[in-house]
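Look at the two complexes coming up: chain A is in both, with chain B in one and chain C in the other.
So, the complex of A and B:
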């Protein structure tokens, strides 16, 4: 189906939304229609053709979403399953102060972190998201264990949307895991609103099937004194763009984005990160690492923007790319836009093969070159793995091990 | 002909090239089980190149014969030499961020043995070795050589030698950057690891460590060659007279032992 008024109404009806939802979606549809695809001359789209990520038709899809995705590991506070055209499946006994419920298209908070004018993918998702979940954490509430949201689909287009609203001084961890999607398109948007002094951990994990394409947008708005720690992992899909960032809207807010990608033959990844400092004395840090094998490719653009009124800010950005094959390629463009002088800011990027001195040191102890490389790569990924919540590491380790195993076999 | 059965390491007519430059220009060495040899030489004489080339560093082109326990190893990559019992203690041990000391050591010990070392046995070995080298237990969980002081790195090199039980160990300037207390600890570790079965080749610039680890044979290495070999008294002579009285082009002198 094309993305038109009828499709939007059908999705809203399927999700049992009221007139407010339909109206808001139709407004987003207008924005979508008025937005051309982004120009390739923009850094953000320099390495990826937006048309290649744009689905040619939309659901609602039959609910045969590519098999059961299996149980969530660890001890989540709640396990949420998002599938196209369905209300979220929610399991777990939530502590007082936390609610997890279907997200309604009319929710007035939608668009606060990711407005539909952000771009055509964001506008498309706002108009036509076909599964959504709202996580609310009341002020002062501390949630043990992650709220684990898994978005699963078969082929076709799937437009999941997540809204997390964390009250003043509350603490929560949200895992967002993308699976399935073979041959299809995943156009996802996640908005996180971190109230004053809130502490939020967010763990987006992209392990879509081979052949999947996707555009995933994540934005956090951090109020005064709020801290957000994002740990993102990109493993799957054939062509996936991930656009992550935070607005440090209140004084003393902080955001840390640590993540990695592990690219195998034929995969293309495009990552964008942005930290926008709008208030004084904020702190932000970005550390993105890529490991590329075969003919995989990674493009990274990162922006730190510090507004005039955001004095006393510390902001860091680093992108390191480890190329394990001669055919792999990484492009990296870190950018700074700093509008006042009272800041501490550094950024850096490297693209290199495995350090031969490290390899020789390990090999001189009896490790063969493949084992040595695996150990070095494992160490390279450790900063992100070291801080993901319980269950995530257990999920990722076998996936990573299998990837590195394949790497050795390919020699 | 002497009995060669107890020769743990030898090289004959060894030449080492970096690109087209010949750094090591014809070296013969023979180390027997239980023997300690020292190679002394001024800076820039090619000592470290010799040590790395013997271990199989891929950046060097090597001509000549290298044998470990009577078996030729010169065609083998570094990890195969290590598995057969050769060990190189690095002058500058390399940091590998994100790889814990314990997981690295377990992988190394397993590689040397040819089978996974059981975790309980490994923990016991590790605890003893850390005790011997006076390294705090917290280091087991730290990233390999990452942010370690010079002395900590050198202790960890000797700890690896203890755990890996080589037949022949090359220690490249293991004494550099050590204060006197660290030097004692490292020397005791070397003595403990070097039993009657192992051959040892200490590469050093200074005589100081040889007061703690007494060599049987001392070789003077200059201009890519061994220009003189003798007993421990040669080290003292070098300490007094420096290297200048030895002519690098005078050709090798027969070993005294």
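So, the complex of A and C:
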């Protein structure tokens, strides 16, 4: 089905939304129609053809069942399953002050962090998201254990949407896991609103199937004194663009983003991070790591923008790329836009193979070269793995081990 | 930050300080705007060979077909009125050989630039480009004896047509970008240097460029070919008088370093703040060749300049050292490109920028390593200094790495003129102005020390004037 008014109405009806939802979705549809695909000369699209990520049609509703995802590991506060064209499945016992419920297309908070004018994929999701969840944490509430949201689909297009609204001084961890999607398109949008003094941990995990294509957008708006810690992992899919970032909208807000992508075979990743400082005395830090094997490719663009009124800001960014094969390729563009003088800002980027000195040391201790390389890569990923909530590490370790296993295979 | 407010006033008095221009007196001036007729007139007036005439016309077609860049400061770019520009002005008959023959008004202009007579004579060869044509040109006899050709491009095209034809447009093809196409269509003047194999030119070769007519463009074209194991240091400096209407400067510079050759290209531009300086400068370095750019951007309203080195032969080395200074109303969009096409090539970029008042400086760079170019090393360092609450600095470095046996490093820092440093210097008995000047001088020191003495003095004087106007 094409993305038209009829499709939008069918999705809204299926999700039992009222007139407000339909009206808001149709407004987004207009925005979508008015937006051409981004030109390739725009630097965020220099390395990926937007047309390759655009679903040629929206799948029949409901989409055919995807691979049955197993239970969520660890001890989540709540487990949420998002599937195309269905209300979210929600399990778990939540403390008072926390609600997890279906997201309605008419929710006035939608678009606050990711407005539909941001791009055609964001507008498309706003108009036609076919599964959504709203997580609300009341002021002062602390949630033990993560709210684990898993988005799963088979082939076809799947447009999940997540909205997290965290009240003043509240604390919550949200895991967002993307699975399945073989042969299909995943166009996802996540918005996180962190109220004053809130503490939010967000763990986006992209482990889509081989053959999946995806465009995932995540934005956080951090109010005064809020702190956001993002730990992202990107492993799957054939062609995946991920756009992660935070607006530090209130004074003294902070954001720390750590994560890695691990690419093999012919996988293509195009990741983007942004920290936008709009208020004084904010702090932000990014550590983005890339490990590439086989013929995989990664393009990374990371922007720190400090607006004129955002004085007294400290902002850092580091991007390290390990190329483990001759054919792997990494493009990196760490960008700064600084509009006032009262800042401390640095960024750095490196591209290299495994450090020969480290490898030599390990080999001198009796490890063979492949083991040494695996150990070094394991250490490279550790800062992110060390801080993800319980259950995530257990989930990822076998996947990473299998990837590292493949390292030696080609020798 | 009252001190910084005062700094923000820097360069506002450009007209009184540096604003001088001579009354116009031209023998031939092309009508405003560009067309095949104008291109034909330029080529016929110069009596050029057929291939150059055709190259110009083809380039004009490319220019007319190409859009303006959709990146960078698109707003300022869009404000250029290409139809209001004179694309060719011939100032006087022929090219003078001796200093005595140089017209008096031009000499006065050089006086204001502060280049002492003795120093001019000391310097190896001075190619003074006044308007679109070289009017003064002298070559020291010993250079001629070495077989070094140092002349203006128009003369080179007449006297060494094969050499020019062989290399012209090979490093910067006409269709490379909008402004290289424009330059190829209407170029006039510029320097041509050929250094024969094994010849080391000890003294820097030097040229001054000037713009001095309402709405006239300067489209010089420089080609430097340094043959195997030879070396040369070329210096080019610009200052321009102030005019109320905007001026366009779109130069193309091509450097070719044959195997084992060494080229250092030093350039400082101090165009007045109404000039659009949109230039394409690129070098090609073959096996073991070394190319160094030393690039200072002080003036102009908008500069877009990304000198590039194509490291085409094994073991070639490229180096880029640049300083940009952007005062209120200025945007210095500068950078560097290193293209590693061969194994074991190395490169280094050091970029320093100062944004003052409401000035904006951007570093835009590219490091590219192609598959198979193993053993490459590259290091990029960007340092930005901000002076003023509305000063702006951008960093847009691109690294495209398609080979794993390499080492690529990039680092950037943005900071302001630190109060604690000023305080420290004041506690040692310096007044605030001197303290600020000292910190700024320290910041650009790595650049200044690479300049020949007379340039270092000139630049230091300039910075001093800029900082002096800023505080108290």
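Operating definition for what follows: the second predicted complex is superposed on the first by the 407 of 411 C-alpha atoms of A that agree within 3 Å, B and C clash if a C-alpha of one lies under 4 Å from a C-alpha of the other, contacts with A are read in each partner's own complex, and residues count from 1 in each chain.
Note that a residue touches a chain if its C-beta (ideal position, glycine included) is under 8 Å from a C-beta of that chain, and two chains touch if they have at least 3 such contacts.
None of the values given here were measured: they were computed from a predicted structure.
K.L.:
So, does A:337 touch the first partner chain B, the second partner chain C, both, or neither?
P.N.:
Touch status of A:337: second partner only.
K.L.:
Pick one for A:347: touches chain B only (first), chain C only (second), both, or neither.
P.N.:
After superposition on chain A, A:347 lies in contact with chain C alone.
K.L.:
Identify which of chain B and chain C touches the larger number of residues of chain A.
P.N.:
If we count touched residues of chain A for both partners, the winner is C.
K.L.:
What is the contact status of A:358 with respect to chain B (first) and chain C (second): first, second, both, or neither?
P.N.:
A:358 sits against chain B, while chain C stays out of touch.
K.L.:
Once the structures are superposed on A, label A:366 by its partner contacts, choosing first (chain B), second (chain C), both or neither.
P.N.:
first
K.L.:
According to the stated criteria, A:382 is in contact with first (chain B), second (chain C), both, or neither; which is it?
P.N.:
first
K.L.:
For chain A, what residues appear in both contact lists, the one with chain B and the one with chain C?
P.N.:
none
K.L.:
Which bits of chain A are touching chain C when the two form their complex?
P.N.:
For this pair, the touching residues of chain A are 39, 41, 43, 308, 311, 321, 323-353.
K.L.:
Chain A touches which residues of chain C in the complex?
P.N.:
By the definition above, chain C touches chain A via 4, 70-71, 371, 384, 386-417.
K.L.:
In their shared complex, at which residues does chain A touch chain B?
P.N.:
Residues 355-358, 360-369, 371-372, 375-376, 378-383 of chain A touch chain B in their complex.
K.L.:
Tell me, which parts of chain B touch chain A in their complex?
P.N.:
52, 55-59, 77-79, 81-83, 87-88, 90, 93-99, 103-104, 107-108, 111-112, 143-144, 160, 164
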